[in-house]
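Multiple structures are listed underneath, in structure tokens.
Common to both upcoming complexes is chain A, partnered first by chain B, then by chain C.
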Partner chain A sequence: MLDAEFFRRWMTVTAASVDREAERLTALDSPIGDADHGTNLQRGFTAVRAALEKEPPATPGAVLTLSGRLLISSVGGASGPLYGTLLRRTGKALGAATEVSREQLAEALRTGVDAVRQLGGAAPGDKTMIDALVPAADALGDSFAAARAAAEEGAVATTPLRARKGRASYLGERSIGHQDPGATSSALLIAGLADASGPTGAAEAADE
Partner chain B sequence: MSDGKLVGIVLVSHSAQVAASVAELATGLAGAGTAVAVAPAGGTEDGGLGTSAALVVTAAASVDGGAGVAVLADLGSAVLTVKALLAEGDELPEHTRLVDAPFVEGAVAAVVTAATGADLAAVEAAAAEAYTYRKV
Partner chain C sequence: MKMLINVPETVVADALRGMAAAHPELAVDVENRVIVRRDAPVAGKVGLVSGGGSGHEPLHGGFVGPGMLSAACPGEVFTSPVPDQMVRAAAAVDSGAGVLFVVKNYTGDVLNFDMAAELAEDEGVQVAKVLVNDDVAVTDSLYTAGRRGTGATLFVEKIAGAAAEEGQPLERVEAVARQVNENSRSFGVALSAVTTPAKGSPTFDLPSGELELGIGIHGEPGRERRPMMTSGEIAEAAVDAILQDLTPRNPVLVLVNGMGATPLLELYGFNAEVQRVLGERGVPVARVLVGNYVTSLDMAGASVTLCQIDEELLRLWDAPVNTPGLRWGV
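After this line comes the complex of A and B, so read on.
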């Protein structure tokens, strides 16, 4: 079962990988966006990490709702409300349980992804974070590793797509050939989830 | 009509200058001495381009006179941030609405309409109607 500590680890690991990959995210956002995706997310997840260290919430749901709230208030770009909504709705769907199963998390994540789809009006194939998150939420029912692989594949698969949402959509054909920064950072978030489960999927092993 | 209370207007832009200038334009066109509270929420807190949820929350609180708050936003993160704040439920004053309207024309329509003492629904309708005005 996954407890609040696991969810804090998920956010901390993701904050560290966003730090590490900030320049790459911003570089991806440079040809088709406004070249601030890495720095924006870094600011958001730094705030998340600080808040979770200062006052660790007691339940998985509370960890995610607090993180989501902080992302909305601190990111400054569109990724703030989008990631904020993802985590907040996922957290709310987990309710007040002190421990949740991977299957319950997969179900909650689907609720979160649906909320993001509604907020941004994006569908799969629009070259957005949805292209990594939808397959990841589906694969999470199988394993953390499967979710990580699905998100990464989904992110890479945005390269040949033409953007239909956000600033990149103004570029039309010229958005083709660039991997979507939002799908790439979504893959980092899901990789953080897999890493939080331990190198050997320890959280999963404990489940069985 | 709402017993002398006027609808407040918040203008959320990626740029502090755009938000402030559109607020000035709309207030100016509404006529000298208009009592409508209009607050710009432009850019990030450190003066960059983007959207600050904190500035939006502060602006909305500052124009809330009890008759509701109409929020107009320009692009991408400005729209998404307001929607996300509305979804939070307790961040913005009660009876706050994101109005689906063109930013400049909608702001003028909203402020002029609010100045007549119209309620939130009427302000929203006037701002949205600005979409139907074709220029060619």
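After this line comes the complex of A and C, so read on.
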């Protein structure tokens, strides 16, 4: 089972990988966006990490809703509301339980991803974060490792697509040939989830 | 790339501190990033709040003052502000007559202002929103996020600001803002890419012999790249792109807007060509504004915005305005 500490580790691990990958995210955002995706997410997850260290919430749901609210208050752009909504709605779906199973998390994540789809109006294939999150939420029912692989595959698969949402959509045909920065950062979030389960898949082993 | 900054992280805060020092008539909250006219809330007056990424100065903070915006929320460079800023701004300017959010059509701005409107209404502030989407370079809006908000934002903020200053009610100020947006169209060109402080190098590569047609205001490339054109050829491309979408029967307001790095010598020369083309196409011109108003950091280039007006809109356009970036009649 996954407890609040696991979820806090998920956010902390993700914050560290966003730090590490900020420049790559910004570079991906340069040709088709406005070159700030890495910087913006870094600012948000730094705020999340600081708050979770200061006052760690007691339940998995509370960790995610607090993190989501902080992202909305600190990131700005489209990423703030979209990532914030993803975590808040996933957290809300987990309710007040002190421990949840991976299957319950998969179900909650699906609720979160649906909320993001509704907010941004994006569907799979529009070259957005949805292209990494939808397959990841589906694969999470199998294992953390499968979710990680599905998100990464989904992100890479955005490269040949033409953007239909967000700033890249203004480039029309010229958005083709670039991997979507939002799908890429979403893959980092899901990789953080897999990493939080431990190098040996400890959480997963405990779950199964 | 050399920049007159300390470190990228403090660029927006440093600018706000400098703005506060230069404009004591504005209340600049550097920590919470809200710029408010000092006499707000004005009794019985609708509050006008706008905001968006920084890097477009004087938009929006430079348009705060009597006759235009009540408050502005600057985000990080090219990044929408967060809902907290907008809620704070709305609370600061609401006199009980309600608040109009002027929102440019970018996913981030739209989502954050939507969230802010909900939160402000929870706190008892009546909020209306108008979406500015004037950029004709975006054609297939059915499958994208829709047309971008660019130069027409200035027209909306000035004219709706004048209506609010007269004490018109929220529904009326909102209707005026919508009317201005629906009658406005823009088209922009870039002669160079921008350098954001965070990235420190140009966001895309634009060789010296080429230009980008149909750009927005965030340093993103346009719809099409072409060999460099003359000022007259660019004026024809811009005006014709607009007239394909708007057939003005009434006179128009004209904004010839610099993107930040193009000198006034070139902008005035470009305006001469824009006026020639408008004359040749039979479009009557009521007023002309030339300068750097809706900029894109250090981008070289310009945009043209036309707004078809009636007598009432012209009266509101001519009404006194007293802000750091736009001032007349006072």
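Keep this in mind: the second predicted complex is superposed on the first by the 208 of 208 C-alpha atoms of A that agree within 3 Å, B and C clash if a C-alpha of one lies under 4 Å from a C-alpha of the other, contacts with A are read in each partner's own complex, and residues count from 1 in each chain.
Just so we're on the same page, a residue touches a chain if its C-beta (ideal position, glycine included) is under 8 Å from a C-beta of that chain, and two chains touch if they have at least 3 such contacts.
This is a predicted model, so every value here is computed, not measured.
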{"item": "Combined model on chain A where chain B meets chain C, clash or fit", "value": "clash"}
{"item": "Which of chain B and chain C A:A35 touches, first, second, both or neither", "value": "second"}
{"item": "Which of chain B and chain C A:S169 touches, first, second, both or neither", "value": "second"}
{"item": "Partner chain(s) touched by A:G177 [first = chain B, second = chain C, both, neither]", "value": "neither"}
{"item": "Chain B or chain C, by number of chain A residues touched", "value": "C"}
{"item": "Partner chain(s) touched by A:P160 [first = chain B, second = chain C, both, neither]", "value": "neither"}
{"item": "First, second, both or neither for A:R69, with chain B first and chain C second", "value": "first"}
{"item": "Touching partner for A:A78 - first (chain B), second (chain C), both, neither", "value": "both"}
{"item": "Partner chain in contact with A:L119 - chain B first, chain C second, else both or neither", "value": "both"}
{"item": "Overlap of the chain B and chain C footprints on chain A, listed as residue numbers", "value": "34, 36, 40, 72-74, 76-82, 119-120, 166-167"}
{"item": "Residues of chain A defined as touching chain C within the complex", "value": "26, 30-36, 39-40, 43, 72-82, 119-120, 163-167, 169-172, 174"}
{"item": "Touching residues on chain A, where the partner in the complex is chain B", "value": "34, 36, 40, 69, 72-74, 76-82, 84-85, 88, 119-120, 166-167"}
{"item": "Sites on chain C touched by chain A in the complex", "value": "53, 75-84, 106-108, 111-112, 115, 137-138, 140, 143-145, 148, 196, 198-199, 203-204, 216, 218-221, 223"}
{"item": "Of all residues in chain B, those that touch chain A in their complex", "value": "44, 48-54, 76-77, 80-81, 83-85, 87-88"}
